[in-house]
Amino acid sequence: MRKFVNDPKQFVPEMLKGLALANPETLTYVPQYNLIMRKDAPSDRKVSIIQGSGSGHEPAHVMAVGRGMLDAACPGDVFSAPPVDYITETTKLMRSEKGVLYLVNNYTGDRLAFEMAAELSMAEGIEVETLIINDDVAVSDSTYTVGRRGVAGNFFVIKAIGAASEQGADIEQLLAIGKRVVDVTRTMGIALSSCTPPAKGVPLFSIAEDEMEVGIGIHGEPGRRRAKRGTADEIVTLLLDAVVEDLPYKNGDRVALMINGLGGTPISELYLLFGRAHEQLKKRGIAVGRSYVGEYCTSLEMAGASLTLVRLDDEIEALLEADAEVPIRVF
Amino acid sequence: MRKFVNDPKQFVPEMLKGLALANPETLTYVPQYNLIMRKDAPSDRKVSIIQGSGSGHEPAHVMAVGRGMLDAACPGDVFSAPPVDYITETTKLMRSEKGVLYLVNNYTGDRLAFEMAAELSMAEGIEVETLIINDDVAVSDSTYTVGRRGVAGNFFVIKAIGAASEQGADIEQLLAIGKRVVDVTRTMGIALSSCTPPAKGVPLFSIAEDEMEVGIGIHGEPGRRRAKRGTADEIVTLLLDAVVEDLPYKNGDRVALMINGLGGTPISELYLLFGRAHEQLKKRGIAVGRSYVGEYCTSLEMAGASLTLVRLDDEIEALLEADAEVPIRVF
Amino acid sequence: MPASLSVAEDIVRSMAKTALDNEQYFCQLDSVVGDGDFGYSLARGFEKVMEEFDSIDRTDVGTFLKKVGIIITSRCGGTSGPIWGTAFLRAGMAAGTRSELGTADVVAMLRAAFEGIQKRGGAALGDKTLLDALDPLITSFERELAAAAKPGAAFAAAAAAAKEAADKTSELVAKRGRAAYTGERSRGSPDAGAIAVTLMARDVSERCTATAAD
Amino acid sequence: MPASLSVAEDIVRSMAKTALDNEQYFCQLDSVVGDGDFGYSLARGFEKVMEEFDSIDRTDVGTFLKKVGIIITSRCGGTSGPIWGTAFLRAGMAAGTRSELGTADVVAMLRAAFEGIQKRGGAALGDKTLLDALDPLITSFERELAAAAKPGAAFAAAAAAAKEAADKTSELVAKRGRAAYTGERSRGSPDAGAIAVTLMARDVSERCTATAAD
């Protein structure tokens, strides 16, 4: 295990402690409930936005807490949904007259935990709504009864809802905006290596050096198929085919294009992929209006990348453009 | 080779193409000379700041081109200093009445190439000055005739000089500022894995899963010693001991603390290291005034991290705080 | 202390031991088709139960089990937190405030747990979840008791039925939880949750029923 | 075409072939103690020389070699660009505008290249660089010629002397370039640049001197 770690069970708390120490003016870490919150939240003038899900996807979502993004995050252990009472306590801390909105990635564990937490919070008189994010085209509803997974497209939902909530939108408006973003967002990923959860100590799966897992999930869940690794161009084509044809994105569309690294792939390769995807989209008559290259939603140190498209319109674009300030900024 | 790559020899140009496509309003890529420049540079009201060195350290330095940072970057191939005429052409493009400043990391190849390029540029009547960056404490002057290496501390030099040049400082003032920053900046790194240059196809060196290379260079050059991997706490102690005692940083000092990832280590682990370093510094009576956690200077997909300290004073802190805008921002 | 409460205590203690002893094994099973955290999640939940064990409210078996459910829900992440927490909560609710429980009560509690899981997670039999081991366990237990077996023998038979059913989940395609994403590839390995139920039943059978009311 | 120019062409062509044929090997040598890019850098430089070979200005040997130096400097990254570029530039300058060159001229050109490298890179003999192969090569060549050996035989002896010296760099601790950071660990493997000089000399000796003026 090539990792910087002390006690593997304390991996997440120690990370959160570091995160708060690095952002002393903006973030607070509450160790009892393993949560990270904005120092200036909640405010009765805005809906509180909360996300929780397994850890190991950093910067998602603990490093997306800040002005214009999340108000609080309640992460679980690596790759595990957070326990119900951590979510409930986070909700209580974020209680606002305008209500609390949960942004939940579509995984069974997360859905069940947030559902129970919502029930408990509503019993305490807190208004809670939930938006489900499910942008991954690798798995399709027809064959998988649990539905599509929430992956890197998550970022766009947080960004748009975060911006709108900052502007004072009420909870119904935020739900509507969130659904509109989810509706036009699609992602697919490719893994070139596995990853090793600290408490597990061994890789989640094994994959040969010349193979790739097409349609990988962000917890090492297998995707569509295992194949021989192609060139960067071939991989871009494969990802674009799956993503573009799913919505579908059409000739004349204007999109945000994200190349997201899964943790172990250097940013040089991500820009290389971005350049080729940009060119291929142009050939399809699809214009890239906004560009995102880097790590947004990872699987620990997995080598790999995902490609996300968001169809832009004036409203979505303005929300994506709005100012925000979260720890993941480099300076 | 678990990489997204087409023709390995085109790795750097394809990355640069993607970088420019992702930043159409701010950056231009000039394929003939493999350079990235600000669209709004040069300006006769400011000294042009140029950095070049081997690629494979991204975001350093091609993704540090932008307002308040570099005006242009001329990268070489992966881990190789750029050819002389690429530097010369970059210099010509960045010609300014106020002069051109080279920020050169202290490696033989880089020094020789920039020296030849400076001679050629000055022959064309361009005022050129050079600042050498050498923050790595792993190698010490007494034993290594080539001197210390320039590593992640590089970022602080670019940031401070970039800010001052934006404010109109002349080339002598910039040299003085740069030297002041170099004088108070120290770094040391640890590698947990090797990395594979795309055109090489095999790892630079081999290291067992339970080992670490203490004092690693950013091109896979060996450091001080090979040892059994310690816990995160032990590693932080080891890095801090080496860095703190070198300057030395003293009780009462206020510092910037950077935990830089070498490419393959997820940001979760970097924050964990940051938290422990912050605590240990506090015990030594050293206050962390500014925090930097993420990837600033990498070695492709190497697993590992470096720790940098910069002793702050009012002038340096104001320059580090100044606004800047480079591609490596996440949004 | 009423006999039923001490049996309930023994059973919870035994389940916790099984969860903690098999942490790595359960993770491994979950990583074949899922995401490999099942053993870890379950172990953290039961670890917390054991930490707080002595101070859990023991007014009656129902209260005791509900409290166990709340601890698990609060500390165990993943799908398993809500699922296993709900099971204990429902079993406790079914036990009510009775101080002594008969075999019929135990069957009712198990059924309540089963239905709670089903309602919470929306899984059907055959979806390759722990329900596929739990259902034959309850059915077999009930059948043996109806055939006048002693509780200990009946539960031993139930544990064996659960084992057989859990092994058979290998033939199923996962339709719930993270394992569902693997589709056809999930065939060939048993469900981690079902195996956990089986091992717990076996251990409970071996460790507890000797001292119980048979 | 003057004989000297065609010999110079053959030598450059041979050196380029050696660089391209041994790209991986030179990288490997550099990665034992350095950063593994030496073969790649050298190959890219000589590749560019071969690409532009036919259009290089051939007014005289001096001009030809200077142009080769400029191409290498412009295209070859790393330490090798400035080092090898400077070597060809200096050799070309030493040749001047003469159209025919004698063995004394060749020795002077080699010495000029040596001094150029030394000035550019600041390395001394024993610092474990290509100079440690180049110096015995020149000295031996000069000595053999002084002893009235034919140029071909003298160069073959010089190549052998270079080889012996390059092998001996294994015993040295690197003091220059990236290899310097390895300190004591650099002992035990030969210097990549020195080995490159050796192989080029051997190949030039085998391929070119037969056709040359001996």
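Odds and ends about this structure:
First chain written, first letter: the chains are A, B, C and D, and each begins at residue 1.
Keep this in mind: contacts are C-beta pairs under 8 Å (C-beta built on N, C-alpha and C of every residue); 3 or more make two chains touch, one makes a residue touch a chain.
Fair warning: this is a prediction, and the values are worked out from it, not measured in the lab.
In the absence of chain A, chains linked through touching fall into B, D | C. The chain with its Cα centroid farthest from the Cα centroid of chain B is C. Measuring from the averaged C-alpha position of chain A to that of chain D gives a distance of 55 Å. If you average the CA atoms of chain C and of chain D, the two centres end up 76 Å from each other. Each chain gets one centre point, the mean of its Cα atoms, and the points for chain B and chain D are 33 Å apart.
Viewed as a contact network, the protein chains form an open path, each link joining two chains that touch. Checking each pair of chains for touch leaves A-B, A-C, B-D.
By the touch criterion stated above, chain C contacts chain A in their complex at residues 27, 31, 33-37, 40-41, 44, 73-83, 85, 120-121, 127, 175-183, 185.
Interface residues of chain A facing chain B in the complex, by the touch rule stated above, are 1-6, 11-12, 14-19, 21-24, 55-56, 58-59, 63, 159, 192-193, 209, 229, 231-233, 235, 263-276, 278-279, 288, 291-296, 298, 300-301, 303, 305, 320, 324, 326-331. Of all residues in chain A, only 9, 54, 76-86, 107-109, 112-113, 115-116, 138-139, 143-146, 149, 197, 199-200, 204-205, 217, 219-223 touch chain C in the complex they form.
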